[in-house]
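Data first, discussion second: the structure below is written as structure tokens.
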Amino acid sequence: QAVKEGGTLVIGTGQAPRHLNGAVQSGIATALPSTQIFASPLRFDDKWNAQPYLAETWKLSEDGKSLTLNLRKNAVFHDGQPVTSADVAFSIMAIKANHPFSTMLAPVEKVDTPDAHTAVIRMSTPHPAIVLAMSPALCPILPKHIYGDGTDLKNHPRNSQNVVGSGPFKLTEFKPGQRIVLEKFDKFFLPGKPHLDKLIMTITPDSQTLVLGVERGDIQLVPYVSNAVDLKRMKANPNLQITDKGYEGIGSINWLAFNTAKKPLNDVNVRKAIATAIDKNFITKALMGGFATPADGPIVPSSPFAVPDVVKYPLDLKKSAEMLDAAGYKMGDGGERFKLTIDYLPGSDEQQKNVAEYLRSQLKKVGIAVEVRASADFPAWAKRIASHDFDMTMDNVFNWGDPVIGVHRTYLSTNIKPIIWTNTQSYSNPKVDQLLNDAGSIIDPVKRKAYYAAFEKIVTDEVPIVYINLTPYHTVANKKVGNVPQSIWGPASPLDDVFLK
Amino acid sequence: MPVAPAPSPLVEGARMFARNPAAVAGLVLLLLIVVAAVIGPMVFVVDPFEIRAAPLSPPGSADAWLGTDYLGRDVAISLLYGGRATLLVGAVAALLSVLIGVTLGALAGYYGGKVDATISRVTEFFQVLPALLFAMVVVTLFSPNLLTVTLSIGLVSWTGTARLARAEFMKVRDMEFVRAERSIGAGDARIIWKVILPNCVAPLVVSATLAIGSAILFEAGLSFLGLGDPNLMSWGMMIGSSRQYVLSSWWAVAIPGAAIFMTVLAVSLIGDGLNDALNPKLRER
Amino acid sequence: MATPTDTAPPVLLSVTDLKVHFPRPRSGLLAKPEVVRAVDGVSFEVRRGTTLAVVGESGSGKTTTALAVMRLAPITDGSVRLGITDLSLLGDEAMRQARRRVQMIFQDPYSSLNPRQRVGEAVRAPLDLMNIGTKAERDARVDELFAAVGLRPEQQQLFPHQFSGGQRQRINIARALATNPELVVCDEPVSALDIAIRAQILNLLARLQRELGLTYLFISHDMAVVEHICDEIAVMYLGQIVERAPRKTFFARPLHPYSAALLSAVPTVSGGRTRAAQRIKLVGDPPSPINPPTGCRFAGRCPVAEPQCSQPQQLREVQPGHWVACHRVEVVAGKPVGPLQWPTAA
Amino acid sequence: MNLLRLLASRLGQALLLVLAVVVLNFALVHSAPGDPVETIAGASGGMSDELKAELRQSYGLDKPLPVQLGVYLSRVARLDLGYSYFFNLPVVDLITERIPATLLLVLSSVVCAFLLGTGIGVLAARKPNGLLSQTITVLSLVGFAAPVFWTGIMLVILFASVLPIFPVSDMRSIDGSSEGIAGMLDVAWHLVLPTLTLSLVYLAHYSRLARASMLEVMGSDFIRTARAKGLADRVVLYKHALRNAILPVVTVLGLQFGNVLAGAILVETVFNWPGLGRLAFESVLRRDYPTILGVLLLSAIVVLVMNMLTDLCYRLVDPRIQKR
Amino acid sequence: MLNPSTLLQVDDVRVEFNTRRGRAMVLNGVSFEARAGETLCIVGESGCGKSMTALTVLGLVPQPPGRVSGGRVLFGDEDLLQASSERLREVRGNRISMIFQEPMTSLNPVFTVGEQIAESLRLHAGLDRKAAHAQAIEMLRQVGIPAPERRVDEYPHQLSGGMRQRVMIAMALACRPDVLIADEPTTALDVTVQAQIFDLLRDLQAERGTAIVLITHDMGAVAEMADRVIVMYAGRVIEQGTTDEVLRSPQHPYTRGLIACLPELGSSQEGERGELAEIAGVVPSLWELGNGCAFRERCPNAHARCAEEVPPMFDAPLPGQAGHAAACWLLAEADSTAREVAAA
């Protein structure tokens, strides 16, 4: 199909980015615009293969402790300054210092710049995730002459105003919480790209508005749609195309986490009994309209490290009840064994609240009285979880490509911290710590996979977390949109290939 | 001259009220709603949050005659249970706002001068704050539950009543029978509560009735924004949570909305009726 | 009777240099405060068993004087003595006790009764509030009062709106008499009533005074009514008394120009057009009590004003019991002569 | 001269009120459980303790409360409302950017409601027992009883799918970079439904009030005087009665401005209108304290200004007021 | 009976009010005439229908609940009750104008007094804005308001009660009406101001020959102002005649009682103070008038016939009092005896 040049693509999103600098801010809200504005050393195709981007070639040393990037000579920032290895070095060290994913570049010690177009990343230990960490969403290259002025990078005024990168689009307008307008950067280093003249990201917290906008054709592309009702509706629309490709990278799992430090959830048999009482099929089919698929392990199936051989808990209420009896929690008066609370991340009802409520009615069947504790807003929830003041909580956590970045944090006993999205389950198993640390310090993917297989077996057996389902993220696009992003990072990667028919 | 049996003003008012078909209709409607909200949950002892049928079944389905919402919760059952919370919050918040309003208004109107100036400033202050926004802040800051929601509604909506009470008290305060009462040695408390208040009761009752309507709307607004008590089914919450799916299930929004509408309408009709019935000017006709 | 002789009854109420000033709410933070001098230095005495009438134009401070006597308006300065008690000095509780000795009848029969209170209750309330007698005694007293003012006992159960204006005024009177007061302050008790009813109430008041030995401070702007009922009269103008005299003396020959003008302005059935043609013509309206002139307050409208009238005028006794605040009143051969003579044909 | 002095004193009072609003809100926000740093930490996917402490320090949240208040007040006095925790942009900028949208919505609704409401009310008062009058009584009850957000949603349903002639979201077309007349028309087009929704409530209110007030005025002595002069009914109605009848409506208008602003939050949420209400709502959810405080402060100021304006209007309509 | 100078003749006018309590007969056949240059006074107790009579003449009875159910109001030879509303408006404020009781509330608070006077001048005299304004100043001067050039632009609240009533008079007289109806124009005012207003009315009448219908309940005012009087009771005229006739030799027991119960000025000079005469009882409710004389319950001389039939007007049995008549059955006997005497 012939690529057509020009046109304005309107992207609808429900999440408002704080600012546009992905080097200091994680999350898909920022990644979406940030990856358009900033280029990164590498990018990925839809099969986890690294591709040249700012770096024409790259090389990971045999010992896995250094990565050499050979940069393009023709790359310039939006303000006309050339992109040099100094910028790369500055950016990588800035990300190490400021990005919330502390494990991502933890082993990086320094970045050598033998010449203007060569950057060598030096690490203390072999770091398997280093190549993936060069992705657009994780490693935006910032112009040192702008961001290196000594101002605290997290609060840098240029994070939201007059943002300068070297990506395919440059910023023309950023109305916080409303819209972001990007224009084609005509000196973009990849010849002939991007195809679009203009990108508009319109931010509307109301999903109904997005749906309407897409249906009317005002909006041509909506990423990260997970709501079954909306998906069903849009799927039926002949003018729209819908795909679930492009979300392998972030690898989002919707799960039920236990506070294993608290009675009775410190008893693995209780946790197993609860897992046995949950009907994942009902959740994915009935609650999520069949768009979601059940999740069984800590690593998403689309990841190269996923293994199918994990401990599973098929629904069996009778068995569950027997397990609880065996664990010493006999049915008391009024058919109640004990009480638990469940929290959930506010904001995405279908994935979180509904499941929590389902669990309440489901667990009642085996004699567990569950109180759903709602949090008015994210901070309220975050506070409860971070301070480990919960029994169970629904949560939604991303793999972020490599397990080192997104998986380890949840299970390492060294990561039991008063911070959300750490090991707030207080799960502690020296064996697991060992396995993860080993897997995180070697490069060989085959060996790593073996370590992870063992790890997965253990954690699914000890159930600090019941994996419920994979978040059914979809990209909805108008049929007029060509080359809907399908790489592992999906929409959180440069849209320089996208065009309008 | 034969002496007519003394009809108390209350009886007279009731008679006037009964003669107003719209008001009576409102009363009947409200009674029906209240009875449904009180008795309903006693008859159908279920969990309103429970998923009972396929999500998004339209009204008239076999399992759920008012349909189900996006989760498969029965709209009819939610409606029954939701009425409780909505009416409760409405009534208590209105009571609270009337209590605050009447007390402050009475003191300001009766004492005048510095007391009045101070209370008027406070009233003005609360008037200047956008009520809903302020309530939103209070509710989020102190976690949304029945108590905070009710308190915050009461706290932000008393100013109207206070102004009314103040004006009425000022009017009545200068009437000669109040002076007469003082001339026979009555104290301030007696004059305020036993003499003036009964004479301002008509407009205050009307305003209290309307306050219930406003409080219900207010609660609905907060719930709609997701700031109601999430563990309590209420009409506003039904609307708020189903809003995302309104294009696929209009009934899950339209029906609770209609319930709110009917309730507030009933309350306003009653308020209107009371206004006519308690207004001596109209009664003479 | 009105001349102070040894046989004259003792003074019951004595008001000395009474002032009642109302601060007006400031129109803004920066505006200077204004004061309404509603009553500005008023002195008079009422003897036991007699009636002192206070007349004057609307806004001249009659009601305020009455209220001050009742301690219902704040007394800025001066004293109000009832017998030997100085009411202006009493504390709250003592005042409550003293209230049984002074009672008031209000002007508007429609607004002076609590519409939500049965009239029997209204009459009983003073007894209840001041803890007078036992319950049975109170009931009996209410019955007695109803009979005294010419109402039937079963009417106690009715609400005020079921009565006519005259009947309501009777109820007001009954309430005022409940505690057996010595002094009854009547603030225009008949001006809201129709002529036919007015006579009933005036007769009732006169009868009660005769029978109970009441003392009245009777406020009115109707000269004919005043002449009918009073023993002494005081004429107020803009917060001050301009003339005070026994009834007969005053109506025979008012001395102050304002009194004369006031009297001449009253239309009478017998006087008809002739009287109208002879009246003293005044121009203009009374000035505001907010910033009254320093001198004679009537000077602005007085037909016989002269430059000296801008000096403050003292109320002086020009003949026994006859006081007037006009320097132009002269005493000729022991007889006072006012600057304005009216009626020309006495 | 009198007017000037009055204005000055009103201004003084208003300043005091604003100060009170600032202090109360500040105290309220800071007495609540929950920490903005937690939010930022959460939104950025977790954060170490040191980072949080650093952040607290950089926002001055580590200082004692009175110091924070003092700092805040002195900054407010310099029109500096601090930085939004969430967007990390000056709150003043965030707010000023949203003001026009909200003012547009609120003013257009109030003006519509006021003009239409009084118009209808007056028509109804001409025949207090006529059909129109009865209809208005009913309609005003309906308008009062229908939750504003519900009306909005119903309109969205209607105009989104059944009758797609008006846009149901946002203030401008998404790709509409159109300027000038076309841009204004675009905005006007988007304004229709939100205005309709918001004004319905107040329309109900004002028409009812206007009708009642008109009926009352029509029974007053001076109307009889005007009639006795031989004036035509039209003149009596529109010249003599209306000017007097409009006074209570104007009073209520001024008093209710806070409510209108609150109503705007709901309507802005329903119609995704990029105004202050939405900003407020989102800031509340994000615990973006500086922004919340800023919006509250600004709303208070807007309400005060509107009160003063209505007061001024009142003065224009009612000559008696000048005396006080 | 029709006098050549008669301007306005009210003939057997009936007004009823339909209220929840039932039908109230507010006016039960009221007749009188107003003559050029003459003052007619209407007296009676509160609620007897004085104001309603005035409003009926101008077609201003509030409808509903009121209804004019019969009679004629002849202005010239035109029946105003039958006239179109356009015609009525031409007459109102122009040929017949009216002053109301409450000067405080009868002026529109939001317009300057000048505007309120000028308005009728523009309407009826066809003056333009400037001329009307000038004429308004002139009118204010004529009613004795000092500094009319300044006052003309003031608002009612800036004027005292007396001044407002003067403005009302200026407004009413602006178009030089043939008939001026003044409904208790001075009850709200002080006597000294009342005297000024009466003087003003008299002067203006003398100057213009206007017919004045003065409604009052003050007998003194009647004596001072009226040429002729009608006395009303419960919606009916019960006595009429010249002022002298009615005041000196009242024929109806009610009129007699009314005059007797007045405290009169000068009583102090006449020795001991006596009791005032009283009229017992109260005015009957207009809803329960029934048949018969409305005054019978309070009448000292009532007899059987009074309860059965409404008495018509009988001429007073006094020599030389042709127009003097009263509605009392007592007069019927006198009437018949007189006729018998005459016949004999």
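By letter and in written order, the chains are A, B, C, D and E; residue numbering begins at 1 in each of them.
Methods note: a residue touches a chain if its C-beta (ideal position, glycine included) is under 8 Å from a C-beta of that chain, and two chains touch if they have at least 3 such contacts.
Everything numeric in this text was worked out from a predicted model, so none of it was measured.
*Asks:* What is the graph distance from chain B to chain C, where chains are linked when they touch?
*Replies:* 1
*Asks:* Quick check on the contact network: minimum steps from chain A to chain C?
*Replies:* Minimal hop count between chain A and chain C: 2.
*Asks:* Could you tell me which pair, C-E or D-E, is linked by more C-beta pairs in contact?
*Replies:* Pair with more contacting C-beta pairs, D-E versus C-E: C-E.
*Asks:* How many angstrom lie between the centres of chain A and chain D, each centre taken as the mean Cα position?
*Replies:* 40
*Asks:* In whole angstrom, what separates the CA-based centres of chain C and chain D?
*Replies:* Chain centroid spacing, chain C to chain D, equals 55 Å.
*Asks:* How many angstrom between the C-alpha centroids of chain D and chain B?
*Replies:* Each chain reduced to its C-alpha mean, chain B and chain D end up 22 Å apart.
*Asks:* Taking the mean of the CA coordinates per chain, how far is chain A from chain B in Å?
*Replies:* That pair's centroid distance is 47 Å.
*Asks:* So which bits of chain B are touching at least two other chains?
*Replies:* Residues 140, 143, 227, 243, 246-247.
*Asks:* Please name which positions on chain C make contact with chain B in the complex.
*Replies:* Residues 67, 70, 72, 95-96, 99-100, 103-104, 106-108, 111-116, 118, 125-126, 129-130, 152, 154-155, 157-159, 161-162, 172, 175, 178-179.
*Asks:* Can you check the complex and tell me which residues of chain A touch chain D?
*Replies:* Answer in residue numbers: 8, 10, 16, 18-19, 24-27, 100-102, 152, 154-155, 159-161, 175-179, 200, 202, 204-206, 208-209, 212-213, 216, 218-219, 376-383, 386, 409, 417-422.
*Asks:* Considering the complex alone, what residue numbers of chain D touch chain E?
*Replies:* Those in contact with chain E are residues 220-222, 224-232, 240, 243-244, 317-320, 323.
*Asks:* For the complex, which residues does chain E have touching chain D?
*Replies:* Residues 55, 58, 60, 88-94, 97-98, 100, 102, 105-112, 119-120, 123-124, 155, 157-158, 168, 171 of chain E touch chain D in their complex.
*Asks:* Quick check: in the complex, which residue numbers of chain B touch chain C?
*Replies:* By the definition above, chain B touches chain C via 3-4, 6, 8-9, 175-177, 179-186, 195, 198-199, 280.
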